[in-house]
Amino acid sequence: MDIATIAGIVVGAAVIGWAISLGGSFGAFVDLPSVLVVIGGGLAATVIRFPLAGIGPAFVLGGRVAFTHKKVNPRETIQAIVEMGEIVRKKGPLGLETFQTGEPGLARGATYVADGHDAAYIRDSLELARDQYLSRLSEGQRIFKSLGDAGPAFGMIGTIVGLVQMLGNMSDPAAIGPAMAVALLTTLYGAVLANLVCLPLADKLSAKLDLEEINQTLIIDGVIGVKNGMSPSLLREQLVAYLPEHQHQSLLEQAA
Amino acid sequence: MDIATIAGIVVGAAVIGWAISLGGSFGAFVDLPSVLVVIGGGLAATVIRFPLAGIGPAFVLGGRVAFTHKKVNPRETIQAIVEMGEIVRKKGPLGLETFQTGEPGLARGATYVADGHDAAYIRDSLELARDQYLSRLSEGQRIFKSLGDAGPAFGMIGTIVGLVQMLGNMSDPAAIGPAMAVALLTTLYGAVLANLVCLPLADKLSAKLDLEEINQTLIIDGVIGVKNGMSPSLLREQLVAYLPEHQHQSLLEQAA
Amino acid sequence: MDIATIAGIVVGAAVIGWAISLGGSFGAFVDLPSVLVVIGGGLAATVIRFPLAGIGPAFVLGGRVAFTHKKVNPRETIQAIVEMGEIVRKKGPLGLETFQTGEPGLARGATYVADGHDAAYIRDSLELARDQYLSRLSEGQRIFKSLGDAGPAFGMIGTIVGLVQMLGNMSDPAAIGPAMAVALLTTLYGAVLANLVCLPLADKLSAKLDLEEINQTLIIDGVIGVKNGMSPSLLREQLVAYLPEHQHQSLLEQAA
Amino acid sequence: MDIATIAGIVVGAAVIGWAISLGGSFGAFVDLPSVLVVIGGGLAATVIRFPLAGIGPAFVLGGRVAFTHKKVNPRETIQAIVEMGEIVRKKGPLGLETFQTGEPGLARGATYVADGHDAAYIRDSLELARDQYLSRLSEGQRIFKSLGDAGPAFGMIGTIVGLVQMLGNMSDPAAIGPAMAVALLTTLYGAVLANLVCLPLADKLSAKLDLEEINQTLIIDGVIGVKNGMSPSLLREQLVAYLPEHQHQSLLEQAA
Amino acid sequence: MDIATIAGIVVGAAVIGWAISLGGSFGAFVDLPSVLVVIGGGLAATVIRFPLAGIGPAFVLGGRVAFTHKKVNPRETIQAIVEMGEIVRKKGPLGLETFQTGEPGLARGATYVADGHDAAYIRDSLELARDQYLSRLSEGQRIFKSLGDAGPAFGMIGTIVGLVQMLGNMSDPAAIGPAMAVALLTTLYGAVLANLVCLPLADKLSAKLDLEEINQTLIIDGVIGVKNGMSPSLLREQLVAYLPEHQHQSLLEQAA
């Protein structure tokens, strides 16, 4: 579990819940139709924006990545690939059969090399997996962004609907306050949905996506290099090109 | 039909309609003058922005593309072009007479090649068709975007007009509420028009436009290559240049 | 006349006027001081932004270009220049004396060539005219944009002024409503000025400016080429470089 | 004096003042604490953003440049430099002792050359002066921009403070209106400060800054060229590279 | 201490406090739950955006850099490095043992050179320190930006919660005003937090970050150059490449 994501949402919700409880009952803040207008409307606007087939899996994957903690460190990935290169040099490709790594793409690549597949097949298989993974993750990120934009919009739409109903029926003055309170709930739901959940998640996914793109591409080139029997030091030199500018030198020097 | 587009609009409208029905009659939410202010004003501001001649067809085409589902997959297009190249290699240009494809541009190109037109004529004809199609699609996208911006603006203008009328005539207190309710309807219409229909459609068209631009350009270069008797493997290598960076290698490897 | 511009503003104004007339008298919506605050304030903020000398002509030129319809088609301009090249080839520069074209810059260029001015003089004269025309048009566009931003801002300022006056003097409750109605008028004027007139006009001018820049530059290079007796086919090849990427080939093929 | 800047601010203030005077006394619109909240708060937020030492001079310089009219025309500067080159060719460097120009940087450069300083010293001195001038001007522009952003924010903060005070003390209904009127004054001050003064001034400074950067850089290279005895026609050719693309040719042709 | 940062926040807070004191008691403006909603909610949304491990140190470092005044001047750094180069030329690496500088990275570099570490080790150590410093500073900047965005959002959420509570319980009219006053406090807190503290601090950190990035990179290359016995004039020539364009020449000329 990504503790930061969980903790942020739980704490944010707790703070709002606590503020509500100070004023009396929770009941006044729960209104199912309002929830449906914000969630339903937000989802409707989002569904229009994306191809139907991929929206479900992308949403699920995005949620999973945002809430789970996976250590992604390109420097460590390079280190692991260099180790693979050394194993192949010493024991040949079969030596990779017992290679252990927490990075699934790298593990798959090691198995492919150990199994003796040719480079073209390995690249194809790994690239296909990476492309599908990254494009789904990217779509997941854009779905949360779209929900974060559409949520407050439908919150406002729901509030205006409530205001129009209230204004058109002001015979009982005592009912005006509660009616307006209910009307405001959609705006509240939309604001919480966007500012506590969707927009921060979209930002987090965007950061994870950048990291994964570097990491996955690095893995593919590294595995192909290992397959081709590239020397470990050459491997390292080529792979650091994927790192941000200012990290190049230090890695190369380590290799020297 | 593009189910996502239809479903999104229907579900969004249903959710809002349901919220309205909870509060009583639909009648309070229907006001023809308000509809005319938002739609008329939004269209007026949009008409100023675009050349008059093309605005109708562009709007129609944009709507059609947004609501219909056409599978556009550049990888499959390349595959089909490579097949065309193989047919020409084996049976000569006339072999393309029976070539079947769901992509209209490609079908037209195959017919041209089979009919023995020269490359210059084929390129001219296909490019003219593509340019007109893409520029209309792009204009359609910008029209929906402009409507999505102008709708809420005219919604606000309508609401201010209603408020001024109500405020200038407050002799009958009982009329204030309903008058304000009516005044708010233009804001509601503008928000729904923009957030449920126009802006999501503009986003969807924008995505489809990017895909079509790659796909159509790829078709033209591919058909000319086929006409010139380029070898299938060379064709594939040239066409993958149109795909996003990270998809190149895998396609070329397939060709190898 | 550019029918789209006129029609858009007339229809937009008619729709708003009709909505006003539904609620009773127009009188309640006319308030000269409010007009002066929005227009005067908007112009004041705009005057600060631009050099004083050019603001008047730029505003007039911008308005004229936005409201009049001039067909600008770089492809047709290239065609006309190629014709000029053919005339010069057949009849010599004097043949251009009777050359007819609706494009003023091109007509002037033809006259210069027919009159036997040297290339340097022709280029200087045409470039000076183009630079002045384009920079005024561009300034006109930015003036409308600035007015479209400042209008609503001064509308809000006017409304706050009205609210402060009303709130400071609430001894007569019956006067509150009408006073607030008047206060809202500046916001209404600002919103209409920006959304129906200034911002759409700025967008339209921006599109026309892009087109004119290509077209005028093309004319100058073309006329110089004609003056230097360049062959028509070479002329065409050189000029298509000014067109957007995807239009190059088709024009060159026509020339072949 | 830059008449446009003065006129814009005076006319804008006059229009708002006139609108205020229509509603009765000016007194209701003057509230010193409100002025202090907007100006003081806006300055406080601005002071945090910039290094303390330079904020005063930059503000003063920015104000001076925005309000005074200095003709800056790179074409005329080039002309003057070419004249300098001709003088040096004919009479030697001492001929520049009587060279007259309204541009301070150029005048200083001419004196340096006449005094026989070496090129390195001249370049150093002129560059240091230019760097300090431009960076102060740029900081002045960003200070006005920051004030234009912070002003309305503190206007809103002041209004909320006023509203909270009013709402917490509603025992005297007659005091509610005037209290709210005062609360709104900070919003009014913030809006006027930003939209009539700060943002337009920032835009104007931004335009002047672009022009000065070209002009000052051009002066330095020109003076060094003159010092080195470059031929006037070569000087012109080199300096036009600083002008926007489309102005190159015409200047070079003049030189031919 | 960075006097500008301290002064700005103190003055801004004093101005707001003074405006509050004019209206009576401070007590009406202090509401612990409101503080918790804005700060807690803002932090919650921020925690989701960033990896948990680094958020604390980054926040602390960002605050420290924003509030303390450290003179960072790349020109002076270059000067100091050139001095180091001269010392090494005259007295050998050991001469650096007594080298004094206020810049910690440079001091560490001088020690490393004096201690006779090899270039690869020096570069590695300095780069690692720089990377960690800069990435934490950058994260600190983004944390303040995120807080500046989330603060007003949770301020609005708190106000809506308060409004709903008030509207649902209007039996005692005398309680409406104070309840609304409390509801508005979260909006006030959010606006002050963002506009007086977080956004200006984020801007200041962003400027300091740009400067530090140039300065630290320059130090590393300079120390390595000193280690390798590069001539002082060559050192200077290489290091000025890190300065903004228009500062190059003057530094090089100084060297000549």
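Order of writing sets the labels: A, B, C, D and E. Residues in every chain begin at 1.
To be clear about the criterion, a contact is a pair of C-beta atoms (placed from the backbone, for glycine too) under 8 Å apart; a residue touches a chain by one contact, two chains touch by 3 or more.
Note that the coordinates shown come from a computational prediction; the quantities given were computed from them, not determined experimentally.
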item	value
Interchain contact steps from chain A to chain D (minimum; 1 if touching)	2
Joint neighbours of chain E and chain B, given as chain labels	A
Classification of the chain A:chain E interface as same or different, half of numbers criterion	different
Distance between the centres, which are taken as Cα means, of chain D and chain B, whole angstrom	45
Approximate Å spacing (C-alpha centroids) for the pair chain A, chain B	28
Touching two or more other chains - residues of chain A	none
Chain contact graph, described as a line, ring, star, complete graph or other shape	ring
Chain E residues touching chain D - in the complex, by the definition given at the top	2-5, 7-9, 11-12, 15-16, 18-20, 22-24, 28-29, 174, 177-178, 180-181, 184-185, 187-188, 191-192, 194-196, 199-201, 203-204, 207, 246-247, 249-250, 253-254, 256
Footprint of chain E on chain D - complex, ascending	33-34, 36-37, 40-41, 43-52, 55, 120-121, 123-124, 127-128, 130-131, 134, 150, 153-154, 156-158, 160-170, 217
